[in-house]
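Below: a set of structures, written as structure tokens.
The same chain A turns up in both complexes below, where it pairs with chain B and then with chain C.
Coming up: the complex of A and B.
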């Protein structure tokens, strides 16, 4: 596992044609690893008749709502949690 | 970055959210059980189900209901795998 709880990460902003689980609204956004879930088959190949191996680590990542939306009219301190695969994460300051 | 039709978190809309309860029709319950059975028997997995849904033409995706999308995907993926011949379902239904 490349990342651990408390580590700051950024979601890769790259394009990906085809099935993937990284939502557009998180691409390029900075967050913090909340916990490591486990390794799972990679849906990007598993969705195309392949075995999805090797399994990829999946993380629960925490985002401040302001960091995701820019302007956020909700309550200050609100957070958003999302599952992100390791190959979609980059190290960040 | 242009988004695929299903990737809609954060899309701005003025449309009201439909919060009404939806009673499932028999075919929808059946659709759910078919997908469960296909998964357990190793014929088709949930990633393929999602990929099939995401392959729907935008206009069809927008108008289809939840289980209509599942039906579209199952037919697409099973045809791709050769489990169903193209047009086989339509032929059996006489449509």
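Coming up: the complex of A and C.
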């Protein structure tokens, strides 16, 4: 597990052809690791009939809504959480 | 020039649409896939039937039992928050095939709501089949971008001091919201409390309400 709770991370901004579980609206966004779930099969290969191994660590990442959307219509302090696999995360300041 | 450089316009016509009367295209595609998987021996018709039987046998009653127990037993609530799968097994409930179920507690200052923007991930074992709106594109897109607006449309008005946390279940984890125990329900027993816990309140788009006291 490369990251731990409280660590600042960024979702990789890269494109990906084919099945993956990283939502486009979070790509390039900065967040904080909230919890480390466990390791799971990689959906990017598992979805195509392969074994999905090696398993990839999965993190619950917290984002400030105002960092995700240009114009968030809610209230400052609202947050968004999403599960992101380790190979989609990068270190951030 | 490769053999594939020619014009493919002949593929654009001449086919009957793959539909069965008014059957939507997606349903026709799913049916065709199912037929192919059966034909190739990947799955059996009996597997499909058993899977559907299991799904429709599940209901929010199970999730509500977990919530009601957590309202009356703080130690159970702690176990539910730490490991919802084990907590479900403790009550002889089927937590389903997902390896990890995470319970999220709503409090005075935090309100959780769950969405799956990529498809329709949902704790089916504990809540039954998801409602159609949960799978709809408007809910999936607006829940993350304007959660307070969506909540207002469900009739939930939160005070500005309450932090809204939208959880996008993008991968293997299934999320279940533990709504707040309603005021006015202090004298109710666990079973009566469970009846107040609705499906929508465990998705985080509704708030349980205590029954109006009957005038003496």
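We adopt the following convention: the second predicted complex is superposed on the first by the 93 of 93 C-alpha atoms of A that agree within 3 Å, B and C clash if a C-alpha of one lies under 4 Å from a C-alpha of the other, contacts with A are read in each partner's own complex, and residues count from 1 in each chain.
Here is the rule we use: a residue touches a chain if its C-beta (ideal position, glycine included) is under 8 Å from a C-beta of that chain, and two chains touch if they have at least 3 such contacts.
All figures in this text were calculated on a predicted structure; none of them were measured in a lab.
For the composite obtained by superposing both complexes on chain A, the positions of chain B and chain C are in clash. More residues of chain A lie in touch with C than with the remaining chain of the pair chain B and chain C. Looking at the shared chain after the overlay, A:43 reaches both chain B and chain C.
In the overlay built on the shared chain, the residue A:11 is in contact with neither chain B nor chain C.
By the touch criterion defined above, A:85 reaches chain C but does not reach chain B.
By the touch criterion defined above, A:33 lies against neither chain B nor chain C after alignment on the C-alpha atoms of chain A. Of the two partner chains placed around the shared chain by superposition, chain C is the only one that A:74 touches, whereas chain B remains out of contact. In the superposition on chain A, A:52 contacts chain B only, with no contact to chain C.
Of the two partner chains placed by the overlay, chain B and chain C both lie in contact with A:25. Annotation: chain A residues 23, 25, 43, 68-69 touch chain B in one complex and chain C in the other. The touching residues of chain C, when paired with chain A in their complex, are 99-100, 102, 117-118, 144-149, 160, 163-173. By the touch criterion stated above, chain B contacts chain A in their complex at residues 1, 3, 7, 9-10, 45, 47-48, 50-51, 54, 80-81.
Considering their complex, residues 13, 15, 18-19, 23-25, 27, 41, 43, 46-49, 52, 68-69 of chain A touch chain B.
Interface of chain A with chain C (complex): residues 21-23, 25, 37-38, 40, 43, 58, 60, 65, 68-69, 72-75, 77-85.
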